[in-house]
Amino acid sequence: MTTALKLSNINKRYGDVSALLDINLEVNDGEFFSLLGPSGSGKTTCLKVIAGFEIPDTGEINLFGEDVSSIPPFNRDVNTVFQDYALFPHMNVKDNIAYSLKIKKIPKIEQEHLIEEILLTVKLHGYEQRKPSELSGGQRQRVALARSLINKPKVLLLDEPLGALDLKLREQMQIELKNLQRQFQITFIYVTHDQQEAMSMSDRIAIFNEGKIEQIDTPNNIYNKPKTAFVADFIGTTSIILKSNALKYFHYESSFSLRPEFIFINSDQNHDFNIEAQISDVQYQGSFYKILFKTNELELTSFFYPKTNQILDLTLGTKCKLSWDKKNITNLNE
Amino acid sequence: MSNFSNYLFKNKHLLLLFFLLPPLLWLSIIYLGSLLVFLFHSFFYLDGFTGKIVYKISLNTIIELFSSAANIDILIRTTILAAFVSIGAAIIGFPIAYYMAKFTSPKMKIFFYLAIMLPLWSSYLVRVYSWKLILAKEGILNWFFSKLHATWILDFILSMPVIGGPSLSISYLGMFLVFTYIWLPFMILPIHASLERVPNSLINASYDLGASKRQTFYKVILPLALPGIAAGSIFTFSLTLGDYIIPYIIGTSKFFIGQAVYTHQGVAGNIPLAAAFSLVPIAIMTIYIYVAKKLGAFNAL
Amino acid sequence: MSQKNWGHLMPSKKAFNLKKASLSLKLGAIIGILFLHIPLFLIILYAFTTEDKSYQFPPPGYTLKWFSIVLGREDIWSAVYLSIHVALVSTFAAIILGTLAAAALYKADFFGKQSITLLIILPIALPGIITGISLRSAYGVVGIPFSTWTIIISHATFCMVVVYNNVVARLRRTSPNIIQASMDLGANNFQTFFYIILPNLGTAILAGGMLAFALSFDEVIVTTFTAGQQTTLPIWMLSELIRPRQRPITNVVAVFIICITFIPILYASYVTRNTTDIEGSSK
C-alpha cells in the first residue's frame, strides 16, 4: 500500500503553548483518515501544517515520498475545504470553481468541460451564476468541495466541513462525502470534533489531545480497545475504574475501561466481576435507558434495554447487582 | 516572480515590511519629523531685543506661557468652552443616536445614517458660514423671534454677562452654538455604535425584572452608552480646543488657544510660544484619552 | 415570594414595546436632525436672494443672476481647479499609503503596532493648526518653496487615515480563510493579491477614496499654512468669511462646495451599502 502522507516529529509552538507535540502519523493512499479531538487539541493546526499555512518548528511533511516541508501552499498538491467554506464573495459559483484552473492557465475549452463535470458531480447544475451570498449552507459546502476537487488533488483536507450544517443535512452530507471519496479515490484527511461523524465515516482515526496524538486506529479498535483513559472517555460512554479501586474492589491489577453495554444488571449467571450499586440517575434515550450507578467510590454507567422478559425497578436508590466479564474490559495505560 | 512569492511566503516579516514601509516612512519623516521639530521649539525662546529665536534649550517659553495671566485666561477659556460644547453635543446628539439605534426600521436607519454622514463630511467652512447667515442681526433667528414678538427674550439673553454680547454673531453663546453644530456628528456616531451593541433582550430583561421605563433608562441604557459619549467627547473636546476659525469669525476679540497659536507663529513670529501653546491641547487630550481608555471608550469606536 | 407578588410585575412586561419610541424621544431626534440640516438649506436659499448687502431674512426676492456671474469669474474657477487637482492627487497618494498600512496592520501583531496605528490617526486627531504649522516650518527648514505639491503632501498625510479606516474595517470583516483558500488553490502572493484581496477591498478603497477626496477638497486650516500665495476654493471662501465683500458670490460658491462634496459622500455610502449584509450572511 502506498503511503500518501507521512508526518514525522512535527512540533509547533505558539509562544509558551505547544500546539503540536511530536506528531507522527502515516496516512495510506485512498484512506479516509480523521483527526478527532476536542477544540484546542491541535487537530486544526495539524491540518494547517499539512496544507502549508503553518510552518512547523521541527519535523518533516512527506507527500507520496516527497518532502514538501518547505513548499508553500500554492505549490503543494493538497487542497483544503475550509470550515467557513472561504468562498470568494465577489465571484459567482462558476468563477469560484474555475479559480484554480485559471491560475494554472488551463485552456478555456477544457475548463468548461471540467466545470460541467464537477457541477454534475456535486449536484450544483444551474447555480453557476449565483453569488455565494445567494446560496444555502449546504450549497456553499458543495461549491467549496467542487472548488477543491476540480484540481484532483492527491490529498483533500477537510476542516470540520459539516460543522455549520443542521443535523439532517449533516447526515446526508456524510453519505455524499463518503461517496465522493470512493468516486475520486482521493485520500481524505478530515478534521472533526464530532466522534459520531469520525466513527461512521473514517477508515482510521487519530485522536488528538493537548497537542499530542493519543491513539491512531480503526474506529472499531478505538472504541473497543482504547489505549488511554482519555480515548476511552472521549469516545462513546464508558466507566473508568482506576487502579486503586480496581485493586480494592476486584483485586484486579490495572486501571480499566468498561463499556455500558457489557454490564449485566441483576444477572443470575456467573461473571468475573460483581458489585452491588445504587441507581443514582436515569436518562430515557428512546430505545433504551442510560442508568448511572453509584457505590461509595465508584460510578458506573450502563444501558438498559427494556425487554418483555425483564422488569427493572428504575426508582432512584434501588440496589442492583452489576456484573461483567474480563474479556469485555480494556486495560488502560496510566 | 513565483520564486520571489515563494520567498515572501516564508518570510512573512519581509512581506509586512514591504507593505508597511511606504506609509511608515511618509508619516515618520514628513509628519512626525515636522511635528516634533515644531513642538521642540517650545524649549527655545525668542530674544526680546532682536526678535530672533534663540536655539538654546531652556524653559523660558514654558514659564512665559504659564506666568502670564492673559495666557492662563486663554487656556481656561478654551477648556471651559470645549467642555460645554461636549456636553451640549451629548445632550443634542443622544436622542438621535438612541432613536437611530433602537427604534428605526433598516430603511430609516440608512436615512438617519446619511443625515449624519453628510454634515460630517461636508465642508466645515460652508457650515460655519451658514451660521453667519443665521446669527446675523437681519438673519433668520432674529426674524423668528420678532415674528413671535419675543425679541425681548433674545435681548435678555444677550444682556447676560459672559455668554452675551452685542449680537449673537459676536458672543460666546453664538460660538457655543456653532461649535456644537459643527462637531455634533462626531458625538452621534460613537453613541449610536455603543447603543447598537446593547442587545434588546437586555432592555427587556430590565423591564421584566420590574424596572420602569425611567429606571431602565438611567440604570441600564445610559451607563451602557457612557463609553460612546466618552468617545464622542474626545472628538468634540479636541476639535474645539484646536480650532481658530470659529472664534475668529463668530467670536469676540478675546482669544482662544488656536488663535493664540496662529497669531504667535504668524504676526509675532514667536514660534517657541506658539509651540508651547500647542503643547497644552496635546497634553489635555493625552490625559483625557488615557482616562477615557480606562472607561472603555475605545471599544465604542 | 408569593404568587401574588409576581403578579403585579406582569403588566410592565407587556407594556414595553421596543418598536415604539416615546414622543419626547421622537421629538428630540427630529429636532436634532433639523438642527443638523436647516443651516445647509438656508445656504441654498440664500444663493437665490436678490439682496447683496446683508443677510436679510426672508430674502426680499429671488434671482438666478449670481450663478451666471460666478460662472464668469476666472478667480473662482482657478481656485476650483486647484482644489480638485490637489484633492485628486492627494487622494491617490492616500489610497496607496492607507491601503498598504491597512494590509500590514489589520492582523499582524508586533512590537510597536499600537504606536504605528496612533501615528496614522494623529494627523487627523491633532488640531489642524498644529499639523499646518509643523509642516510649514518643516518646508521652510528644508527649503521647499510653496507649490501645489506642498499642499498635496500635507493633504495626503491626513487623508491616509480615512482610507486606512475603511480598508481595515473591510479586512476585519473578510474571512481570513479566503486568502488561504486562494493560496491553497495554487495562487501565489501576487495572484492572491490581484485576484482576491484587491477585488474584495475594491469598494472599501473606493469609499475611502471618496471620503478622502471630500476631506481634501474642503480642508482649509492645513492648507492655509502650506499653500503660500495659492488660493484653493476653501481659502477663497475663508477670506470672504473674514471680510465679506461679495456676499451673493460667496453664497453660490458655498452651494457649489456642498454639491461637490455631497456627491462623493453619497457615492461612498452607495458602494458600501450592501457590504455588511453580504459579509454578515456568509458567516
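In order of appearance the chains are A, B and C, and numbering begins at 1 in each one.
Assume contacts are C-beta pairs under 8 Å (C-beta built on N, C-alpha and C of every residue); 3 or more make two chains touch, one makes a residue touch a chain.
Predicted model, so just to flag it, every value in this text is computed and none were measured.
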Give me the fewest steps it takes to get from subunit A to subunit C if each step has to go to a chain it touches. 1
If you average all the Cα positions, which chain's own average lands nearest? C
Farthest from subunit A in C-alpha centre terms, which chain would that be? B
Note to self: most contacts are between B-C
Expressed in whole Å, how far the mean CA point of subunit A lies from that of subunit C is 51
Mean-CA-position distance for subunit C and subunit B (Å): 16
Measuring from the mean C-alpha position of subunit A to the mean C-alpha position of subunit B, what distance in angstrom results? 56
The positions of subunit A in contact with two or more other chains are 72-75
Where does subunit B touch two or more other chains at once, residue-wise? 5-6, 9
Please set out, as single numbers or ranges, the residues of subunit C touching at least two other chains. 183, 188
If we count contacts the way the header does, which residues on subunit C are in touch with subunit A in the complex? 174-175, 177-178, 180-188, 191-192, 195-196, 199-200, 202, 277-279, 281-283
Okay, in this complex, where on subunit C does subunit B touch? 9, 12-13, 15-16, 18-22, 25-29, 31-33, 35-37, 39-40, 42-43, 46, 54-58, 96-98, 100-101, 103-105, 108, 110, 116, 119-120, 122-123, 125-131, 133-135, 137-138, 141, 153, 156-157, 160, 183, 188-190, 211, 214-215, 217-218, 220-221, 234, 237-238, 241-242, 250, 254, 257-258, 261-262, 265-266, 269, 273
Give the list of subunit B residues in touch with subunit C in this complex. 1-2, 5-6, 8-9, 15-16, 19-20, 22-24, 26-28, 30-35, 37-39, 41, 92-96, 98-100, 102-103, 110, 112-119, 121-134, 136, 138-140, 143, 181, 184-185, 188, 200, 203-204, 207-213, 238-239, 241-245, 248-249, 258, 261-262, 265, 271, 274, 278, 281-282, 285
Show which residues of subunit A lie in contact with subunit C when the two form their complex. 51-53, 72-75, 78-80, 82-84, 86-90, 99-100, 103-104, 131-133, 140, 147-148, 151
